[in-house]
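Input: structures, listed below.
There are two complexes below, and they share chain A, which is joined by chain B in the first and by chain C in the second.
Then we have the complex of A and B:
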């Protein structure tokens, strides 16, 4: 090879460099995904009792199950409400922190803390803070009995979950959005101000359009995140209750697979959920991603 | 400052105050309750001010629960996850960016796809694979008919079995299979000037030398950022450590903490002790954030670009 080239031309060295990582990825990512789809066409016996090809029977069984549709619907509701709040609140905070005020430095520090608190830990904390008998709303409950009862009222339990989810989602979204805001050239803001655009106008006409790439990214990641990371919160705060009101798909799959030993059913639901997540991401890129101008 | 907008600055301050209150409020209540006694909780409910029982509650976490040993597990898992991710991501990104290989695009796409479906979604079948990591080999032998031949020649088909469940390796491996690190290093390598490479070549540096003497020192900040990011993610994992460990002594601290909550509603749980547990379990990652915040923020920003 000539020294003009910008690449090494070794043949086997790159294979050797990628191989260990690729092996892990194939074994613990692609094989499980393949197996989920494979199992959705077989009836698996628990404890290795062999399997039987059943065609689309698993899908028919899952799709005719009312609990599956309810869990799916709840997943959608959670996804839309929790992730839009988990982007909107950091966005408002980032716009505020972007102004050069005294509080913006401590805020930038504190708002990253939740990154160090596990979903399950904050779940344990929120289970306590929103406990109807000893929690923060207990005095309210004494005045108006039954107004806050996450153990009975599904909506109350749902609200607790969303509050905890937004709490732990703040660091990533805040940091990304703030970085986007800060990369906007100051001159652009000044030019807009000289043209008579007030602060509000500038937020909507200069800042928001210019951080569309960041906004898009946080939204895409947040959608997947809300589908999956809800597990730790559900398992610590509500256990899927009351009466299944907070049983999202990811929790139902876990229950069906590990407590109900319905491996085929769980694998089928996993396959459906994976297809849904992939389609959702693809759709976001197709409809939203294309309209975003990445040029500055 | 573009214009002197006092009212706007006040509004922004109020918003930031509210945001900080939202983050710190639950943490403060946790700390305050962790320093009260169970009797205090039963009498007054949630504690608005700290008491003097914290060390008492913390001592009970250390003597009555498995959390001390689980903290060691968490430390081992988070640390080896971060190290493994850093090394493997660096090597694979190096191969993808600096070698003339036709499959670079495919390899990168295969690695990047892992970001889309986290382990929480594929937990059921990942568990099955972890219960026998040779199951794909067995299936391959069976499908290709090789096993039939082997059975004829040696009298019995090959059936390999190795479970990594309830081992540290099993706790870590599926979490390593994640593409963020490769993405991060690739983006970083692409920002480096091409002349760097040419100069190194002219001086006669081969691929190994180029990697150790030039790329590695330049990537120090990326390594730090990725290390902090993966360490925190390893420490805070929940679902995978929950299913991959079957004995309390193999569980991670976060799982152990969640197990302290009673399953059924009934009498009021011993929240002061549990909150003391929450404080102890979150101490290591929070300290890390306090000390290495610069790298964490950098990692978060880098991982999106």
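Then we have the complex of A and C:
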């Protein structure tokens, strides 16, 4: 904070430098968000031409809609399971890669690659990988016909979605957690080892407490991101089906707004979803963030 | 994007040179062989005359095309012509964004359109709102080679015969006798229309915005329960049960022996079958004891959007006139399997001496199917937010196929959710009269 004045001699220069980016954010984030909140109080005709102020009618309609709550419930289940796994698995990989075991160097490299793949492409690939006839589970289906049917069985489709999400989340979380682990002074580990702590004890009593800031960061990002980033996967793998089993809130909003022309309903759900994500993040900071010790 | 900017720039320049000539845009949603045929028509139009130039822009699907049209219309950047599919008819009629074609082209002999096609797209005053373009209807396809192998020599015409044939196929070791995707258009709309059953009250919404869904109380419920039972018996497969993952692909690959499908998929099927299997195509099966009524005209039609200058409207009119020409419609039918829906084109086909040719096979059967005696409930569907209802119906019935709930519960839920859509539509267009 104190270095700002020494870096910029003109106090307007930093503002100018940030301005183009702020303009983009305002144009493509704040304006649409404002529009969504505005529309949530109106009943909007798709082609324009007529909109009617309805007060809180849209909220009443959405909140009394069973489908909304079901999609919300599915979003919660997805958020908790997919996000936890998307942090837990990279954590295990990072702890392993941090130890000087065989192949840990190439693994550090290879595990980052999926970061370069777009969500939609991951979706297409996983649709093939989990295809009941030609995918990796096809032999299982041969042995027990119908046991794996993501096109019919909602649970199977949900599992496919979680697997794809976790896989796509590995690189980023892996890099962050590994960086955290590597920044732990080796002397601490050595001291712990000298005191007789085995590898497991060192993980739980030395490494994990010391990478709490990184764990917290990945958890917060995962939780908030899982609410929205599942869209590309749903749109390419399941299209919300079968029987709506993978219609998370973000996909329902898209469907309602763009194929149902229910602009008001979609705007209302967007507003609700956004308030939820903000509250969730605030809660995480309030209850978890405070306990984290950033000093080493 | 670039194309539209270019076209817009060209339109401005052209407008400066001559008040008459126009560069117009036409948005469509089809892909594959149909898109090829559409592009060929656009090129033919541009080559046939020099006054107007049409730029045809493929949007990838009907729905995407519509989404973009809504955004473009709000930004006053919309095309003159847009193709949209059957389910959006009422949404567009009340949108206040389109002009009825019969209003801007009053001199065309619109009566040459067959009654079924007119009924779907006309106002209560008998004016056509949109020009039917790629019209299709539901037909019944069989793989004759596979059927004969199983000892079925007569192509089934009733559901009872279809299931008999399916049982024989199954007994002969066939893994997939009949395939469908359970799509709303196939299993609800076309089934209800040809069996003379209403989908919603007020004659499927033709008499007012206060209609309510009633399909959960009609014979459709029994048919859909049959589909569930037949699937359990191994006679019927859905998209997800097939290796191909899609019912037409499964039929075309020979994996499945019978399907109910759009006439628009005929071209792809014959191409895939070429040299391997023999195909039959007939009117969709009926249940015994039900009198056959017309099937609905599906596919899509072209709307003229408001807010364009006279030169552009003239260009649009010229293009619509061009598309209506018998030779254009015949070429389009031959290339795609879509059905020509004007009587003069049917006459032209009969006169051409090619009437029995495979490329016109769907034209005769499709027209015959759409020309069956109509009822007040087989005119069409005039229900609001119907595109979304189709998805709700699919979602709920999928739960029944998966065994999560009974078909009756699914249909009751779909009716309830559908009625909510209708009420919201009614409220959105409060005070608006059906045209």
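Going forward, the second predicted complex is superposed on the first by the 282 of 296 C-alpha atoms of A that agree within 3 Å, B and C clash if a C-alpha of one lies under 4 Å from a C-alpha of the other, contacts with A are read in each partner's own complex, and residues count from 1 in each chain.
The rule we apply is simple: a residue touches a chain if its C-beta (ideal position, glycine included) is under 8 Å from a C-beta of that chain, and two chains touch if they have at least 3 such contacts.
Note that the structure is predicted; figures quoted are calculated from it, not measured.
In the superposed model, A:170 lies in contact with chain B only, and not with chain C.
Put simply, more of the residues of chain A are touched by B, taking chain B and chain C as the two choices.
Once chain A of one complex is fitted onto chain A of the other, the partner contacts of A:244 are limited to chain C, with no touch recorded for chain B.
By the touch criterion stated above, A:275 is placed in contact with neither chain B nor chain C. Within the superposed three-chain model, A:61 lies in touch with chain C and out of touch with chain B [touch as defined at top].
By the document's definition of touching, both partners, chain B and chain C, reach A:133.
In the superposition on chain A, contact is made by A:224 with chain B only, not with chain C. Within the superposed three-chain model, A:258 lies in touch with chain B and with chain C [touch as defined at top].
Contacts of A:100 after superposition on the shared chain: chain B is touched, whereas chain C is not. Touch criterion not met for A:80: it reaches neither chain B nor chain C.
Across the two superposed structures, the residue set of chain A contacted by chain B and also by chain C is 131, 133-134, 151, 258. Chain A makes touch with chain B in their complex at residues 3-10, 13-15, 17-18, 20-22, 24-25, 27-33, 35-36, 39, 89, 92-93, 95-97, 99-104, 106-107, 109-129, 131, 133-136, 138-139, 151, 167, 170-172, 175-176, 179, 189-190, 193, 199, 214, 217, 224, 227-229, 231-232, 235-236, 239, 250, 253-254, 257-258, 263, 266-267, 270, 273-274, 277-278, 281.
Chain C makes touch with chain A in their complex at residues 63, 67, 70, 73-74, 91, 95-97, 238-241, 243, 245, 385, 387-388, 391, 394-396, 398-399, 401-402, 404, 417, 420-421, 424, 427-430. Contact residues of chain B toward chain A in the complex are 1-3, 5, 8-9, 11-13, 15-17, 19-20, 22-24, 26-27, 29-30, 33, 41-42, 45-46, 88-89, 91-92, 94-96, 98-101, 107, 110-111, 113-114, 116-130, 133, 135-136, 173-174, 176-177, 179, 182, 194, 197-198, 201-202, 207, 210, 232, 235-239, 242-243, 254-255, 257-258, 260-261, 263, 265, 268, 271, 274-275, 277-278, 281-282, 285-286, 288-289, 293, 296-297, 300-301, 304.
Across the interface of their complex, chain C is touched by residues 43-50, 52, 61, 65, 67, 131-134, 149-154, 240-244, 247, 255-256, 258-262, 265 of chain A.
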